[in-house]
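Single-structure report; data block below.
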Amino acid sequence: MSFDVKKQDDVTVIDVEGQLIVGNRQELKQKVLEELEGGARKFLIDFADTGYIDSSGLGVLVSLSKKIREQGGELRLANLNDDLRTLFELTKLDTLFHIANSRDEALTSF
Amino acid sequence: MSFDVKKQDDVTVIDVEGQLIVGNRQELKQKVLEELEGGARKFLIDFADTGYIDSSGLGVLVSLSKKIREQGGELRLANLNDDLRTLFELTKLDTLFHIANSRDEALTSF
Amino acid sequence: MKPVDFVLELPNDLRAIEQAVEFLASRAREAGFDEGLLRLNFRVGVTEALANAMLYGNRGDENKNVRVDASVTADRICVRVRDEGRGFDPEHLDDPTLPAHRARVGGRGIFLINKLMDQVEFNEAGNAITMVLNAPPREAP
Amino acid sequence: MKPVDFVLELPNDLRAIEQAVEFLASRAREAGFDEGLLRLNFRVGVTEALANAMLYGNRGDENKNVRVDASVTADRICVRVRDEGRGFDPEHLDDPTLPAHRARVGGRGIFLINKLMDQVEFNEAGNAITMVLNAPPREAP
């Protein structure tokens, strides 16, 4: 995995390339928490270039979402392919996250 | 490995992408022999996108070169990176092949 | 079809998981197994089992290994993951999809394995899991 | 540095070689071993040993396996490849670089292993080869 962090207006946009799994989830977590400490409140994780996510990766998303909400912020997700969408539906995490179809959709309504 | 065969004037140019090794060398051999049977005589194998070559891959090149020469043709090689050049030097196969630095160099003098 | 068998013994290193899974997926693809099922079901299922073996079974102990036995054909993949731990009781896990559990950080690994694989079995001790994934039925010609 | 140990048991299938080599290379990279030596020396050396084990040791027999034991640190990679064959005498091979041999199709495998690896040893029977590759000396800080 590698990820790319950009600011788009007041939204911190993170692209996850490759897998978000037990072997690398800490990197994503650390990066987002740094931004949160630095004052960022609106986060969008874009999965357009993501292969698969395991339960540890899902766990990190849940944990981050909680921490961001505690600071009055919000975490949104975008661009889940069919496989990833299945994963969120199976675990019912689709009821917990704001999942946008595209990055633009997520950004315009933020 | 995958490879791509093109005609450039009367030269059959083959790009080898990935590895040329024991697991796939037959594919290259078969393809070139088909072209040879179809009447092609000038062959250029371009290694710009090649990772590594093992002794089986080198063996296929030697075998093809021989077969092409028997039909009055010629096999040239181009774009060996430093690693591949080392391989040809170690085995002294650099004395057996016409090795051009670039595709153009190989083509203009053919 | 004769199954092709592999054995992998991996050190207790979470970073080895992705490439080990990739290796097994590439062998299954080569054997002709359905690409769609390899993408999510196979990769996530095996990743979960390896992570649990390293984290809970071997408890991060660097001197312990995880052993993977895999057998693949175009129709069926069978993967067994065994750790050197004392095992656990897989029957009594909370359902992570219940509203009360949904916001938990953990507890989705075995659940996902059960959802993504066609057959899942633990050995008596609970330190080895065997997972089977079947190819989708082919359309009649 | 504690070495990280892997075991792979592969079926006698030449198409499994590339991904097995890739897997081991990725582990060595992760351990911090020199990328430059992984690119050619490691990959070609291990490929040759695996190909010989499958082709000559196991003579293509689908019921035989090849076992790979690898141990990696940032400083040193050690790979042992063992087949289920009767072995051979590695001492009496023709030098493929002699003018009389250069145009031969085969005979460069063991030669390349010896050139690309730092230490090469066969067991008594000749059906197991152990190869060591050392990292280049680091510059004094």
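Lettered A, B, C and D in written order, each chain numbered from 1.
Simple rule for what comes next: a residue touches a chain if its C-beta (ideal position, glycine included) is under 8 Å from a C-beta of that chain, and two chains touch if they have at least 3 such contacts.
This structure is a prediction, so every number in the text was calculated from the model and none was measured.
Under the touch definition stated at the top, chain B and chain C share these contacting partners: D. The geometric centre of chain C is 29 Å away from that of chain D, both derived from CA atoms.
One finds 42 Å separating the Cα centroids of chain A and chain D. Chain A and chain C have Cα centroids separated by 25 Å.
Residue positions of chain B with contacts to 2 or more other chains are absent. Shared contact sites, meaning residues of chain D that touch two or more other chains, fall at 15-16. According to the touch criterion at the top of this document, the contacting chain pairs are A-C, B-D, C-D. Chain A makes touch with chain C in their complex at residues 19, 21-24, 51-56, 58-60, 62-63, 66, 83-84, 86-87, 90-93, 95-96. Of all the residues in chain C, the ones that touch chain A in their complex are 14-18, 39-40, 43-44, 47-48, 51, 55, 96-97, 102-109, 111-112, 115-116. Taken in their complex, chain D has these residues touching chain C: 2, 4-11, 13, 15-16, 19-20, 22-23, 26-27, 30, 62, 65.
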